[in-house]
Structures are given as structure tokens and as C-alpha cells.
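Got some structures for you, see below.
Note that chain A is present in both complexes that follow, paired respectively with chain B and with chain C.
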Partner chain A sequence: MEEIYILGLLAVFLSIVIGFWALVKEEDDLHRILLTDLAEILALALIALVATDLAEALILPGLVVGISELMAISEVFLVREGLTRQPERMLHIEVMDSAPAILALALIGYGVLLSGFSGGAVAGIGVIFYFICKGHDERFAIFEVLSGYAWVMWIVAFFIFVLVPQYWFFGVLIAGAAILLKVAGKMSLVGTMRGGANV
Partner chain B sequence: MSVEFFLGIAILVIGTAAAAFPRPKTYLTRLINLEIPAWGLLLIMLSFDETLALLTFIAVTAISTFVIVRVVERRGAA
Partner chain C sequence: MFELPVTTIEGPEIFVIEFGDIVNYFTVYTAALFTFALLFTILVIISRPERQVDIAFGGDAFYTKDVTPAQMKFQRFMALACGLATLGAMMSGDVFNFTLFTSMVGITNIGIVAAYKYKHVLNAAFQYGIVAMIATVPLFGSAAIILATTGTLSMWELFGSTIAVPLIAKIFLVLGVMGEGMAPFYVAKAEITRAPGAPYVLMIHVSSLLLFLRVVEIVISM
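Moving on, here comes the complex of A and B:
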């Protein structure tokens, strides 16, 4: 077991050296952003080698920080390069008309079944996919309302934990549903990043 | 130790080399090559039974691919 761990660690460190060497030699900024994504994967591999529940607890916030960092950097890049106007011709292929409904339904159904943070992420992917392919005309004030209800559910769950600890399972279910709503709602906003009405 | 672990480590190293030095060197090639080390990481997570991390990683990778494709799309239009 010990040797295996050392072997894995050596391989990951080798990959990190390769990745950072490419990052140093790279001159194009967009290529650098792509290599940042590679560096994130390698960092996660390093954490995954811990191989206990601690690894999972560390990987989840790592992923959240990674995606928000990537989104922020890409926005900064777009503004700095002056690429703020819409492209005239966007990718549109036949599968984008036929697939979204059933795929979004499956992803949202599975996400609700999972519940919690991962469920929210999976359901959010379903909504993102639908919005990208089909476009969107919703008013996004409704997501704010949803977010408010999710906060109220969090606080109710917190009071259940503190005041009536014997009903902890009920509290866990409420908190899991609340974070599902919050994560899925926020992530679905990503699907509107291509532009459109009411954004 | 399991087969998945060794396969994952091998794919991680190979994929890193492929993503670091893609050929031909275009944005799309590098983006597609980035999926290879991600696969290696998924196999490593699978071998250690890190289900939650695995599922969330798949979901977040889909979003980050979308974000990058949006940037590349606008870069190509300019």
C-alpha cells in the first residue's frame, strides 16, 4: 500500500512538472487559461491520492473554487481583449434541437434523487444544457425568489438541529433539498451566458 | 492494488503530456486533449471509491468546458 502511494505521488509530480513547464513556455493567453485547467486537474489528482473521506471533503470545495476562478478569468480575458460583442454565427447542430428535452429531464430527475451539492450540480447541468440549446425567455427574478426560499430552508434545518436534535434526519433532508435548489438555480444562470433577452 | 489505479496514473501522465504539447496547436485540440488527464483522474477517484467527488467532477467539467468554448467562440469571431 505504501509503495503504491509513493508511485502515484511520483507520477502526479512528474505530470505537474510537465504541465508547469508547458505553462512557462506558453505565450498565448487563451492557451494559458486552458493550461490552468490542466493544473487544476493535477492538483485534484494530488488530493485524490489521500484516498479517504478527507479527500472527498477537500475535492468538493476545490472544484467550486476552480470553476468560479475559471469563469472570472475568462470574463477578465474577454473584457481585456475587447471581445464583448456577440459572434454572428453560433454553433447550432441538429442534435441541439432533438436532445435537450429528454436529456435535461433525465439529468434533473437524477439530480433530485441525489440531492445535496452533487445533486444540485447534476440538475444544474440539465438546466444549463436546456438553456444553451433551446434559448431562454424566462425572467430571472424567479431565481432570486428560489434562492430566498432555500435560505429559509437552511435556517429551519439549523433550528431543528439545535432545538430538537432527535429529529436530525428531518433537518438533513431539508438542508439537502435547500442546497439542491440553491446550486441548481445558480448554475442554471451559466446557461444564459451566451446572451439573450432578460439577462 | 486495483487495475483502475495503475490505468488512471498512466492515463494521467500520458494525457498531461498530450494537453501540454498538443499537435496541431489549436485551442480546440488542447481542449479535447484536456479530457484525457480528466479521465485519468476519474479512474484514480474510482479506484479509491470517491463517488461524490467523481460525480461532482463530471458535472463541473461540463460547465468549465462550456465556459472555455464560449471564450474560444468569441475569440474566433473577432
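Moving on, here comes the complex of A and C:
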């Protein structure tokens, strides 16, 4: 086990050297952003080499931080290069007018039935589909409010786990409902990513 | 139940909150840093942006730039977030949480400068962002190596004499914080700080300075 860890560590360090060397050699700024993303993955590989449950739990925050940094510098890059463009409507067929309401309703209903992370994903897909087809001139405030409530529900569930552990099932239910709201809200934002006045 | 093993470096502990083996704490040293960060966060909340004056060389003419708080909304928010991330890094008792807060400081630093529309500022912000992103490799790498070799991330365990933290992990931690906070590399930041909006831009310096002081304490204690 020990040797495998050392071997893996060597492989990752070799990759880090290669990645950093590539970064030094690269001239194009866009390519440099992509290369930093590669370097980011090597950091995750270092964490993954620990190979315990805790490592698994640490990868997620690491990934989130990496992605947000990537988004921040991509935004800086876009502003610097003046690369902002209004996308036009790409696809419009008849079924996109008639189907969305009922399909979205069915998917959201099924998602609520599933509950939790997978339920949120299913319900979110329903909302994505609705927004892609119907346009999204709706107010986004409702998503922000929902997201805020979901967050509060998580905190409440956390306090239930810590303070009154005998009511753990209640805590699980609250956290499950909150993650349903959270995932559904987040995914539905994907459906609105086609440009527009209020995006 | 928890006792800081070594009190010679940072003084006796003042306040402790424990979540399992992760213990958030204040010692005399970190409490001083925390107060400093809090002070600057409050300053960011209450202060209005500076007004820059450009002198035209060769004459008596000068231009005053009018900057309203409304224009600086985003920077103020980011500076506030930066202050909060710094506060978190000051009181964190877990190596991984500390690295997370450090990279949050890096992100918010990019955010503070990214909203300006000046080409040279954006250029500097971009280069800085690349460095901050690369720095997450040694930063998380050090946390991972510490976890792999000692089996814990809690500073209270690591500060004890029974656990030896490998030198490479310490070096990585310092390197990572240097990259995120850019503490010794003020040359690269000079371009950034030419942007208007003094109290908010100051937060970049304050956060990196405090992060560096904290990481020195962690590395010496481990």
C-alpha cells in the first residue's frame, strides 16, 4: 500500500512538472487558462491519492474552489479581450411550444417523489426543458429566495444533528428537501443560459 | 478537553469551539490578527471610495475623477467577502479549511480588481489569477500530504510533538499561500493597485499580509 502511494505521488509530481513546464512555455493566454485547469486537476489527484473517505469529502470543495477560480479568470479574460456577444435563438420547432408544460410538470412531479439529490436532478431537468423552450423572461428572484430557504434548511438540519441527535430522521428529511430545492434551482439556471436581456 | 500542546509560539488559547476533532480557536496571536482583519472589514463597510487626481505633466492642470459608491458596489462586496474569508482563515483550526479560506481570499482578490475596465489592471488581474490558480496545486497538495502521512488535518493534533509533519508539506503550504495571497510579490500587484477605489483595493494587501502571518504560525507550530 505504502509503495503504491509513493509510486502515485511520483507520477503526480512528474505530471506537475510537465504541466508547469507547459505553462511556462505557453504564449497564448486562452491556452494558459486551459493549462491552469489541468494543473488544478493534479491538485485533486494529490488529494485523491490519500484514498480514504475523508479524501473523497475533500475533493468536492477543492473542485468547487478550482472551478470558481477558473470562472473568475475566464471572466477577466473575456472582459479584457472584449469578447461579449449576444447569442441568437438557435432552434425553434413546433414541439417546443406544445410539450414543455406537461413534460416539465411530469418531471418535476417525479423529482419531488424521488426527493434528495437525484430528485433535484430530475426536477431540474424538467425546469431546464421548460426554460429552454419557453424562454426565461421570468423573474430570477424566486430562485434566489428558494436557494436561500434551502440554505437555511441545511443549517437547521445541521443544528438538529448536533443538538438533538435523537431526531436525526427529521434532520435527514429537512436536508433532503433542501438539497432537492438547491439542485433543482441550480440546474434550472442551465436552461436559461442562452443569453437574453436579464442574464 | 482540548489543550494547545505548545503555548510558547502563539500564547495561551483564549476561546475554543470544537466540532469533533476540528477545533476552531483563538490564541493571543490569532485573536490579534482576527481583530485586525475585523477592523479592516468594518472600514470597508463604512468608508467611501477615494477620489483620484491625475496631474497633467508640464502644466498646472489636473483631472479629478469622481467615483461614487454605486460604481464601486461590486468591489465593495468583494472586499467584504475577502474580509470574511480572511476572518475564517484566522480562526480555522483545520489545515484543509485553512487552505480553502486561503483560496477564497485568492478568488475574491481577483474579483476586487476584475470589475475595473482599465486594460493594464485587467492584464495584471489576469496574470495574478493564473498564479493564484496554479498555487492551489501546492496548497491542496500540502493538505493531502499532511493527511496521508499523519492521518489527521486537525491543527490541535498536528501541533503536538508526537506527530511529525513532513518538510515537503510545510514548504508546499507556504508556497501555496504565497501564490494565493501573493504576499512577497508586491511588484506584480503594483499594477493592480493603480486602480481607483482605495479602501477596497487595500483589502488585497491586508488579507495577504494576515494570511502570511498565520501560515508562518502554522508552519512553525507543526
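Simple rule for what comes next: the second predicted complex is superposed on the first by the 121 of 199 C-alpha atoms of A that agree within 3 Å, B and C clash if a C-alpha of one lies under 4 Å from a C-alpha of the other, contacts with A are read in each partner's own complex, and residues count from 1 in each chain.
The working rule: a contact is a pair of C-beta atoms (placed from the backbone, for glycine too) under 8 Å apart; a residue touches a chain by one contact, two chains touch by 3 or more.
Please read these numbers as outputs of a predicted model, since none were measured by experiment.
Using the touch definition from the top, say if A:55 reaches chain B (first), chain C (second), both or neither.
The answer is both, since A:55 touches chain B and chain C.
State whether A:68 touches chain B only (first), chain C only (second), both chains, or neither.
Touch partner of A:68: chain C, not chain B.
Does chain B (first) or chain C (second) touch A:172, or do both, or does neither?
Touch status of A:172: no partner.
Quick check for you: in the superposed arrangement, does A:18 touch first (chain B), second (chain C), both or neither?
Only chain B; A:18 stays clear of chain C.
Look at A:42 in the shared chain and tell me whether it touches chain B only, chain C only, both, or neither; answer first, second, both or neither.
both
Looking at the overlay, does A:156 come into contact with chain B only (first), chain C only (second), both, or neither?
After superposing on A, A:156 lies clear of both chain B and chain C.
Thinking of the overlay built on chain A, is A:146 touched by chain B (first), by chain C (second), by both, or by neither?
After superposition on chain A, A:146 lies in contact with neither partner.
For the overlaid complexes, name the partner, chain B or chain C, with more touching residues on chain A.
When the residues of chain A touched by each partner are counted, B comes out ahead.
Taking the superposition on A as described, I'd like to know which of chain B and chain C A:103 touches: first, second, both or neither.
neither
Classify the contacts of A:79 with the two partner chains as first (chain B alone), second (chain C alone), both, or neither.
Second partner only, chain C.
So which positions on chain A get touched by both chain B and chain C?
Comparing the two interfaces on chain A, one with chain B and one with chain C, the shared residues are 33, 37, 42, 44, 49, 55, 66, 70, 77.
Once bound in the complex, which stretches of chain B touch chain A?
Answer in residue numbers: 1, 5, 9, 12-13, 16-17, 19-21, 25, 27, 30-31, 34, 37-38, 40-41, 44-45, 48, 50, 52-53, 55-57, 59-60, 62-64, 66-68, 70-78.
Using the touch definition from the top, list the residues of chain A that touch chain B in their complex.
Touching chain B: residues 1, 4, 7-8, 11-12, 14-15, 18-19, 21-22, 30-31, 33-35, 37-38, 41-42, 44-45, 48-49, 51, 55-56, 59-60, 63-64, 66-67, 70-71, 74, 77-78, 81-83, 87-91, 114, 117-118, 121-122, 124-125, 128, 132, 187, 190, 193-194 of chain A.
What part of chain A is in contact with chain C in the complex they form?
5, 16, 20, 23, 29, 32-33, 36-37, 39-40, 42-44, 46-47, 49-50, 52, 54-55, 58, 61-62, 65-66, 68-70, 72-73, 75-77, 79-80
Which of the residues in chain C end up touching chain A in this complex?
96, 100, 103-104, 106-107, 110-111, 114, 117, 119, 122-123, 125-126, 129-130, 132-134, 136-137, 139-141, 143-145, 147-148, 153
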